[in-house]
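Next up, some structures in structure tokens.
Here come two complexes built around chain A, the first alongside chain B, the second alongside chain C.
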Partner chain A sequence: MFKLLDGPQTLGRGRTFWSCFLIVLAAALVYPIFADSYDVGNFSYFLIWIFMALGLCLMWGYGGMLSFGQTFFFGIAGYAYGVLAINMGGGSTTIAALVLSIIIAMVAAGILGYFMIWGGINGIFFGIVTLSATLVLAFFLGQTAGPEWHIGPARLNGFNGMKGMDPLAIGDFYIEGSALYYVMVALIVIVYIALRVLVNSRIGNVIVATRENPQRAEMLGYDVRKYQLLTFVIGSGLAGLSGALYTSWGQFITPSSIGLPAAAMPIVWVAFSGRSDLTATLVGAFLLLFGFQTITVYSQQVALVLMGTLLLVTVMLAPQGFVLGVGKLVADRWTAGRRRDATAALPDAGRLQSDGT
Partner chain B sequence: MALVDVKGVTKRFGGLTAVSDVDLTVSAGEVHCLIGPNGAGKSTLFKLIVGLYPPTKGTISFDSVDITDERPFARVQRGMSIKMQAPSVFRELPVRQNIEIALQGRLSGAQRDAERERLLDHLNLASESGKPAGALSHGQQQWLEIGMALALQPQLLLLDEPTAGMSPEETFKTGEFIKSFNAEGMTILVVEHDMAFVRQVAQRVTVMHLGKIFARGNLETILADEKVAEIYLGKTHAH
Partner chain C sequence: MSAELFSVFYQFADVFAFLILSAAGLAIVFGMMGVINMAHGEFIMCGAYVTVGLVKLGVPLAIAQGLAALTAALAGVVVEFLIVRRFYKRPLDSLLATWGLSLIVTQSMLLIVGSSITGIGTPEGSFAIGDYTFSTYRLVLFACAVAVLIGLYVTFMKTRFGVMARATMQNAAMAKALGARTGRIYAISFGIGAGLAGLCGALYAPTMTLIPTMGATFVVESFVTVVVGGANVLLGTAPAAVFLAMIRMALNASYGQIIGQIGMLFAVILIIRVLPEGLSSVLVRRGR
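Right after this comes the complex of A and B.
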């Protein structure tokens, strides 16, 4: 298990990395004690999107499948949570609504993925088909304003979006504010650790092999289509988790959270962060969301233009990702420093030894 | 006993017939060399056997089972393994991980690690095991790919120009390597241009020309065939 956490597919290994991880986690856990509830709510909002970014990192960075469909599955799970929460009633049933909505997103991913992967769609066409599906869903939901568009008492409401669902709750206790924040932190730790184990496992080996050279992977006896489908379903399921949590957090969801500008965001986060590493994606996506939200307070248009610029700059200057690049630089300096120290210590050790004899 | 039985196989790419009505039998336990001039259809026939191309016509059997419609991974699971013409490795991944991915289907844990190290030693790649496979020289990549193919412990090993880009010493060593695996019972089908290598390893030879089987037999018979010498070997080789 520990070997899988520190395996070759993930940067950040060893005692130093995990000590830093625990320090950051401890800081995250005590943060609500020192911050006001508005900031804690904002942080919860940033954390919601991390799952979607990690899912795309798995598909794109590890599996080589550039999916523009993260907001497609985000939307499916978000709307599914709304419909289920309204129809099933509040209280603890919202937990069931959350789980079911993620399953619905994963089933949708299974169906779309099956037709794409078994149909031999790959490369840029994978992005085009997933983007098309996303735009179709956003367009479809945008024209559901009429009263005839409802599932039970849950009205879809067109561009105005769906509202009126309960937030996550256990009995009479609503998971909001600090409680929601802690749930988010716990979920992120679980998902991050689980993904590290997955990518460093035998399955992860085949996933990266398929990215590198699918024909060679098949010539080693692996049905690469199954591994691609598995990667797509898990990655899209994580987008679904983001969608369901988003609807629960704000108690609304609109088609604009699915459409083109929203669909491009995960690509920017992951490209900027470094698509080939989970930790880089986790850190980079959080930083970008924080920056985007801060700028959005002044001007949403400026924030969007900056995101587009950032994508261009990343592609031109650091195609492997800025956060990943900085992380590698720090790791290299750290390793070189330790080596230098060890080399400098060697003559001293020799002298001490000879002095003693 | 025939391990591979190709019957009446044709492959057309639009108007071009790359392989035409070919029959080929590879017996269990032999080293069978497939030779012929460029464009003869040898590599296409290889890809047909391993399932990378579907035949336009004809059937392919492996170990008496019709595998014509099976995908490549299913054929590999039956006991085939191929080394492609151009080195086909996982370029961004470390050499060690390349071998591991090939091994993990049949071994795990300490057994896998031990076998990986043994293979790396055998391939003279132990000192390069941490490097990305793409950073190896052409010859080393050829070795790595042969190692990955061998890691599957196949019944049938298909090698498409395994010594391309290798020095004469490396070529000879590869030949000895292949013979040692054949001595353990592995059936080997090789496409090769290097006649010294063919002389070193071949027990049976099939000559292809213009997509058809032109001649077959043991090496001496083939070398003595005037027509073969004319189309491929050059008359000086025949004497």
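Right after this comes the complex of A and C.
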């Protein structure tokens, strides 16, 4: 178990890293005691998007599949949660709606992924097809304003979006405020640990091998298509988790959270953070969301211009990602200082540099 | 009867012109140069805004459209020099960089110009065949699309610049060794691509509402057309547009816009499956 947590595919290991992890976790757990409820609600809002970023990191950084479809599955699960929650009534059934909507997103990813991966669509075409699907879904939902567009009592409402679904609840107890915050923190810890175990396991090694060289992985006897499909379904399912949580959090969802520029956001977070590592993505996505939300309060356009600039600057100056670069620098200093042994620093630095996609 | 027939042709010509004009610039930039230009839609937007701005200042429409295409071409050369130049060997990074650029441009336009400006209206003029009336401007667009196709073919197949450009795209090092100024050729090619995108925006400016995010409506169609066309863009783009226009037109007529779009998407996935190299690979094989 510990071997899988500290395996070769993830940065950050040993006592120092996990102590830091526990300190951050402890700080996150006591945070609601000191902050007012408005800030706690905002924090839950940032945490919603982390799953989507981690999913993209898995697909793009580890699997080498640049999917522009994160908001596609976000939207499918978000709308599915709304439709299910309205149709099945509130209370504990909302938990079932959450689980079902993620399953729906994963089934959708399975179908789309099957056609693309078995169809030999890869590289840039993968991006173009997923982006097209995303924009078509946004366009489709945008024109569902009429009363004929409804599923049971749930009206899709076109561009204004769907509203009126219940938030997550257990019986009469609505999961909101700090309860929602704790659920989010717990989910993030579970997803993060599970993904670490996944990428360091046998399956993860095949996923990375496929990214490095699909032909070679195939020659070694692996059906790379199955592994790619698995990666795509998990990554998209995480986007679905974000979508369902988002709808539950705000009790509404609109097509604009699917189309452009929303579809570009996960790419910006992951590219800026460093796509080849889960921890870097976790930290970077959180920082960016925090910054973005702070600026959006004043002007959404300015915030988006900054996001675009960040993406451009990242690609031009630090194609591996800023957070990853800074993290590695700190780790290098730390190990060099402690062991006075420069050569031992980060044995897998070479792997990260040779990352082609 | 002939009126119905012409009506079918008219609808086909409309979709065909849209696909060709929006894809022509990308055919050069993506199809030939291999730069995945996500800011393609923003060059289209640039052409449209410049056209409308000039017409409001009193410049005649045709001249304004020409100037708009030129402006977009100049913007293209600048973008090539500042950004795209670094990414010829890293196509996926070119995608990210141009996507960043696209975000910056659209959102800045929203900040500066606002969410929409008043349009200039489609040029008057229509003609009637049988019981149907048709807008003349749509046929002008079709004529422009055909002219662009011919112009591209002549430029890249019959001129000295075209030969050098194709040599550079195939093997830059070799072309450089033979004395071609590859840096300049890349810049000019990108400029032509951006200029054609600007022309597309200029030509469609009178027919649509101008919003800073209008580029997104063109981007999917243009990428899809170039991808279906395949590696040899000079041969592939036109048949790809014919093929997609027929699918789109048939579905639009019977089921409406949205099914038309979804159907086109499925057709594209199917084509990449059957012909990974695009339609032009079949044509080239036949030609030999």
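Simple rule for what comes next: the second predicted complex is superposed on the first by the 340 of 357 C-alpha atoms of A that agree within 3 Å, B and C clash if a C-alpha of one lies under 4 Å from a C-alpha of the other, contacts with A are read in each partner's own complex, and residues count from 1 in each chain.
Definition applied: contacts are C-beta pairs under 8 Å (C-beta built on N, C-alpha and C of every residue); 3 or more make two chains touch, one makes a residue touch a chain.
From a predicted model like this one, the values you see are computed outputs, not experimental measurements.
Once the two complexes are laid over each other on the shared chain, residue contacts for A:Leu245 go to neither chain B nor chain C.
Judged by the touch definition given at the top, the superposed model places A:Ala262 against neither chain B nor chain C.
In the superposed model, A:Val206 lies in contact with chain B only, and not with chain C.
Once the two complexes are overlaid on the shared chain, A:Gly120 sits against chain C while remaining clear of chain B.
Legend: residue contacts after superposition of the two complexes on their common chain; A:Leu324 is shown touching neither chain B nor chain C.
In the superposed model, C is the one of chain B and chain C that contacts more residues of chain A. Annotation: chain A has no residue touching chain B in one complex and chain C in the other. Every residue of chain A that touches chain C in the complex is listed here, in rising order: 66, 115-116, 119-121, 123-125, 127-129, 131-133, 135-136, 139-140, 143, 259-261, 264, 267-268, 271, 299, 301-302, 304-305, 307-316, 319, 357. Listing the residues of chain C that touch chain A in their complex gives 36, 83, 86-87, 90-93, 95-97, 99-108, 110-111, 213, 216, 219-220, 223-224, 227, 257-258, 261-262, 265, 268-269, 272-273, 276. Residues 50, 52, 71-74, 76-77, 81-82, 84, 88-94, 97, 100-102, 104-105, 108, 148, 152 of chain B touch chain A in their complex. Residues 8, 202, 205-206, 208-209, 212-213, 215-224 of chain A touch chain B in their complex.
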